[in-house]
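Following are the structures in question.
Each of the next two complexes has subunit A plus one more chain, namely subunit B in the first and subunit C in the second.
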Partner chain A sequence: MSLQKERSSVLQTTRKINELIMGHFSRAWDVKTQSKPIAWITVFTPVELLYALDVYPISPEHFGAMCSARGLVLDYLEQAEMGGYSENLCSYSRCGLGYTISGMNGLMPPPDILITFRNSCDVYVKWWQSLHAHLGTPLFLGEAPYVLTGADLGNYVLDYVVKQLEQLIKVIEEKFGLKFDMEKLVQTVKLSDKSSDLWLETLKLRRSKPCPLGGRDSASDIFPLVVMQGTDESVKFYEALFKEVKEKVDKKEGVIENERFRLLFDGIWLWHALDLIKYFEDKGAVFVYEPYSEAWAYRLDASKPLESIARKILAMGLNLDIDLRIESFLDSIKEFQVDAAVLFSNRSCKSWSAPQLVTADILSKEFNIPYLLFEADMADPRQYSEAQIKNRIDAFLEVLGEA
Partner chain B sequence: MYVGIDAGASATKAVIVNKDGEIVSYAIVPSGINFKASSEGALTKALKLSDLSLEGLLYTVSTGYGRALVNAKSTSSEIICISRGIHKLFPLVRTIIDVGGQDSKAIRIAEDGRVLDFVMNDKCAAGTGRFLEVMSNILEKPIEELSKLHFKSSKPIKISSTCTVFAESEVISQISQGSEIEDVIAGLHEAVAERIYNMSSRIRFEKDVALTGGVAKNQGFVDALSKKIKLTPTLPEEPQIICAYGAALAAIKRHQEGVG
Partner chain C sequence: MTIPSDISDVCENPAAILSQYRDSGVKVIGYTCSYVPEELIISGSLQPYRISNIGADVSALTPSFVCPFASTVLENILRLEDFFSGFVVAHTCDPMWRLYDILKKRISKPLFLLRVPHNTDNELSLDFFKAELTRFKEFLEKNFEANINETTLSNSVELCNENRNLLKRIYMLNSGGKYRINAFDRFQLVLASMWMPKQKCNEQMNALSFNNGETDGKLRLHVNGTAIYDLNLIKAMEESGGFVASDDLCTGSRYFWNNVERSQESISALASRYLIRTPCPSHGPLEKRLEYIDFMVREFKARGVITFAERFCDPILYDSVHIKSMLAKSGVPTVVIDYENSAQEIGRIKTRVEAFIESLGG
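And then the complex of A and B:
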């Protein structure tokens, strides 16, 4: 069986993702030729606002994941390393910087503005400042404070982020001679909310036994939520997806025939080694819940559009206090009938990996959920040892089977 | 008769047992790059030692890195095999530390031998046999001699790098600065012991503790680890074959159950 086949999705709707992604990038080049502004954004920068302003968003992180999944990432990583960036830096940032240094002749058109909202990721600011240093493109640095309690999603912390969004609108209006239209934002917020709602409802269907949607699909299905939030296309995609998954549930069709173990996956996927998901499935283990997949959806209130998207920036999982995060984790364990957890300690993402042992301890001590923790990198295939990881997976599943 | 074959990163081990799980014969050969050849080599050797032929073998279970390449009825993971092997030989053991060529593991087992928890090293070579192999090359001392020299050391040198590549240059600079080779060797054993102790501490450490794997044959390392964990670990007579022995025990069980 070829590698391509091993990675391939199970659902018909997921197969349309490729077309959607390619459409997103080729439209970016159309936009560029029409001299409309392109923004390079970090994820969780509100794309709803950018679409409403007629600024086209491109995410270098998404680009990094995609290059890694398609085996195209090494060139860019090496370009960055030849340029002096350390191999120990985040692989998404190295990929984006390598792409920039090597002349930006691929899927991402050069940016007209660089926008980031630092929320969970400390690399964002320095990465975007480095891009700014390389390109000289205008830079907007937003900041979302760490959310310590649920109250921060409604108090001065929220106000602070709203003010920055207003400032961002002003910057874009002045730089590109565009006019902000609240009605347009209300529309994109409605569409974004609809996509999130549909995706969350789809994820809930994974509580069924057998699980109708596994990691091979969820790893791809998130992309419209990353860069296409607030578009019709995104809504259509999630409508079709929900319908297909619902049918599977009604027909009691699962990802795998013989569901032995229902697993939680904690971390960003290993884009260069997505075939690992199939490896688990062939041994009767299906991923039913990933905090990562859930993280992309956030319900918005179209009657308070700016406040709503400010809250979305703040409430991103890793930006939440660890107790708040664990709470939602634990609820899901019960709802999704999770038997065991797989924790991917990601060399690139310290904010994700650092608290993993705390989570693991709670899982095993309070919920008697065994876990497997392994180390690799999300996008850099050189930091991955296939035989060793498969060896651990085999041992883990065999021990689970004996329990 | 039943066979367990452990196709490990450095060595391939074959163990033949009778229906009561008693070891009839065993053999250890280097793995090289061809697991199929090394596993056949190990089995042929073990058969010769026991005057048996292939026809007398009822069931084979393979384990280890090359397990899929071995001609066997079914496979099992090292974690389960090591636990089975140790539990049969030493029923009082609750924690097993296994240090192999490319992997090290710590396993906690229940009274009935079931695996309760386990940890393995991250993908780095420090804390495995490979680390000591690399160092023995640099020091131009065969692995067997490391143990002897270890006990001549009076003040082990602290090796601070946990990375094999960095430790390599550290060792070279220690030697060039005039450090005694035995002190460097004792320091290396301590570094590996420390690494393994740190990893093992992630599971609850319960007595008795057994030590298995090829590196357990290095008395210098055993000495360093015993000091670190403040316990004298139980050592099987031939620690390197425990995983293959466990596979052979699995072969008896699977044959009875009609698996494969």
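And then the complex of A and C:
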């Protein structure tokens, strides 16, 4: 194994993400000043619908990830724990609850409505109930049942979610005196679809060898698809990103010069330890596919806006039956020419981690894909043992190199 | 009052009855939680059996930070699979939902996931849940040649209502500060109802007589949590000078508190009962759950509330903050006692219960 570090880089477009994020939060306070409604949402909630209704969405999950990445999370975690929330609970939720308990004097303006659709996890239900209990702010608790087969995206399950969206529209109209405009929704759906299309096309470019876009890019580049779907800014960002990545492919430029291993990353990123991605890259290993990055994009049909959005809420990765998830996993392994998988057993995300050992077993025994599984927390740096994990990465890559 | 040996035996060793079912050719459907309508299973001439965490260790298939209760239930299903004809898992919390995923890849028996909406106070959820129960009925008919119709369903609803009425009547004997049946025996009756044939269980409960006892100085407690199958926990509280006057456990009052109303066709009636019942910690609305706890504490004159929290049980860990806050307003002290394996940690649990009771002057 080479001892020399590989040169690796982050895309120019990725470097602009910080400006977008800060712009998003600063606009939120402008909106608050204008007395327009702010919604605190869980991700995979219908952002397109909210923009069309002139309700400004903010995601405490995204806030938690950002606080963790910038070393600002501990105060909020401790505030929540002092307020009685166990350190065994989801760290995003502890961060959001800590922020709430401590007076909400930061990037997120206080909410006028709390909206969630249970899809990727059941923590959403308890977290949003807790926020509602602390703040007394109106709560809309939606349900997107687990998708057992493709048929659920067209039967009574879909119908149930569409009707809840109609209910949400009515709630917002009544609470804030706003008027729903279908034409406006069609426009936001078109913009959202365009962003998704561009992101998916960009991700496909990672099939190239060498891979032009690495984990450090994909970890950041998803942001506009989290809370800015349906905006012009989001489309512009993904147009620029696609263009830059395409140019790299044409010039055969990779994230690293000497690409030795192409890896799949399964899980949410460790926001407080994103340098781990570079640690892999320094050793010639590049992340070429992550279900997490792909999950944010979903093609929408502007001729059926509500139905399309309902499908998107239902079909987000973790809410798909395990067989559908494994099938998509295996297709991607072939398409992206993956050599091995890195599975992050995330203490905060039980919904993701609980069946991971079974998935790993299938990867290994039935499809001969080697994997590394390690345990830590996505946002709580206290649950992370850097030396131990790096040791395991070293050993894993060494074994891969010998294979 | 003496608990009949059928009931105490099944509580002592819940798996033993499975051999009897197998020997007598009864098809048994294992289920995981009280959101699953036993009526549908019974109406198909099948025997419902609640899978507990008794008799197994945590499964090696789940990470250490996933609820040990769910993991142990998983292990029991894998260990006892041969005794069952099929399984139904209810989507309540993340670990239970993912338990379905794991089972799907690990067992060969028919498996059903009952999707229980978390927003139970939405009429759309009720319509959805009716559709889910119809799908469940079709699953039972298709896989086990069950003949489920309005008549069989009506009969099973009557049987289960009778069971719930009996359990509630016995439970209410301790209301208003009375002490006519100890908590250990009372919990045995509930658990046996989930494991024994309902008819037999009802007959035995009908034959019970109760004392007119006083609390003999024991401190009245309310117990909050998810499911407690290990009745040594209850015994530990009674041995520490406490008396579990009331509870809001899935293996306690939440199992039988609400009846099925007979005024509508059976699937609709079942959907209403099972969705709009006293909510489980994983479901909502939180306010309804808090109201229920507040009611129980007042009705059964509890002087303190103990929350038993399986470590990593998200719903309980979130709720405990709000329960404490609500009860503090009415001056009722609370304590959260967490554990991973109640059998192994019984000494520590007992010490904490004793300290709590002592702090209340008990």
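General observations
Here is the rule we use: the second predicted complex is superposed on the first by the 394 of 403 C-alpha atoms of A that agree within 3 Å, B and C clash if a C-alpha of one lies under 4 Å from a C-alpha of the other, contacts with A are read in each partner's own complex, and residues count from 1 in each chain.
By our rule, contacts are C-beta pairs under 8 Å (C-beta built on N, C-alpha and C of every residue); 3 or more make two chains touch, one makes a residue touch a chain.
What you see is a predicted model; the values in this text were computed from it and never measured.
With both complexes brought onto subunit A, simultaneous placement of subunit B and subunit C is permitted, the two fitting side by side without a clash. Comparing subunit B with subunit C, the partner in contact with more residues of subunit A is C. Contact with subunit C, but none with subunit B, is seen for A:362 once the two complexes are overlaid on the shared chain. Contacts of A:354 after superposition: subunit C is touched, whereas subunit B is not reached.
In the superposition on chain A, A:375 makes contact with both subunit B and subunit C. By the touch criterion defined above, A:149 lies against neither subunit B nor subunit C after alignment on the C-alpha atoms of chain A. After overlaying the two complexes on the shared chain, residue contacts for A:90 are found with subunit C alone; subunit B is out of touch.
When the two structures are aligned on the shared chain, A:12 is found in touch with neither subunit B nor subunit C.
In the superposition on chain A, contact of A:26 is made with neither subunit B nor subunit C.
After superposing the two complexes on their shared chain, the closest approach between C-alpha atoms of subunit B and subunit C is 5 Å. Of the residues of subunit A, those at positions 375 touch subunit B in one of the two structures and subunit C in the other. Residues 364, 370, 374-376, 384-385, 387-389, 391-392, 394-395, 398-399, 402-403 of subunit A touch subunit B in their complex. If you check the complex, the residues on subunit B that touch subunit A are 65, 76-80, 102-103, 114-115, 117-118, 120, 122-123. Interface residues of subunit C facing subunit A in the complex, by the touch rule stated above, are 60-67, 91-95, 97-99, 101-102, 104-106, 113, 115, 117-119, 122, 124-125, 127-128, 131, 282-286, 311-312, 314-315, 317-322, 324-325, 338. Only residues 83-86, 88-90, 118, 121-123, 125-127, 129-130, 132-133, 141-143, 145-146, 148, 156-157, 160, 163-164, 167, 321-323, 345, 347, 350-351, 353-358, 362, 375 of subunit A touch subunit C when the two sit together in their complex.
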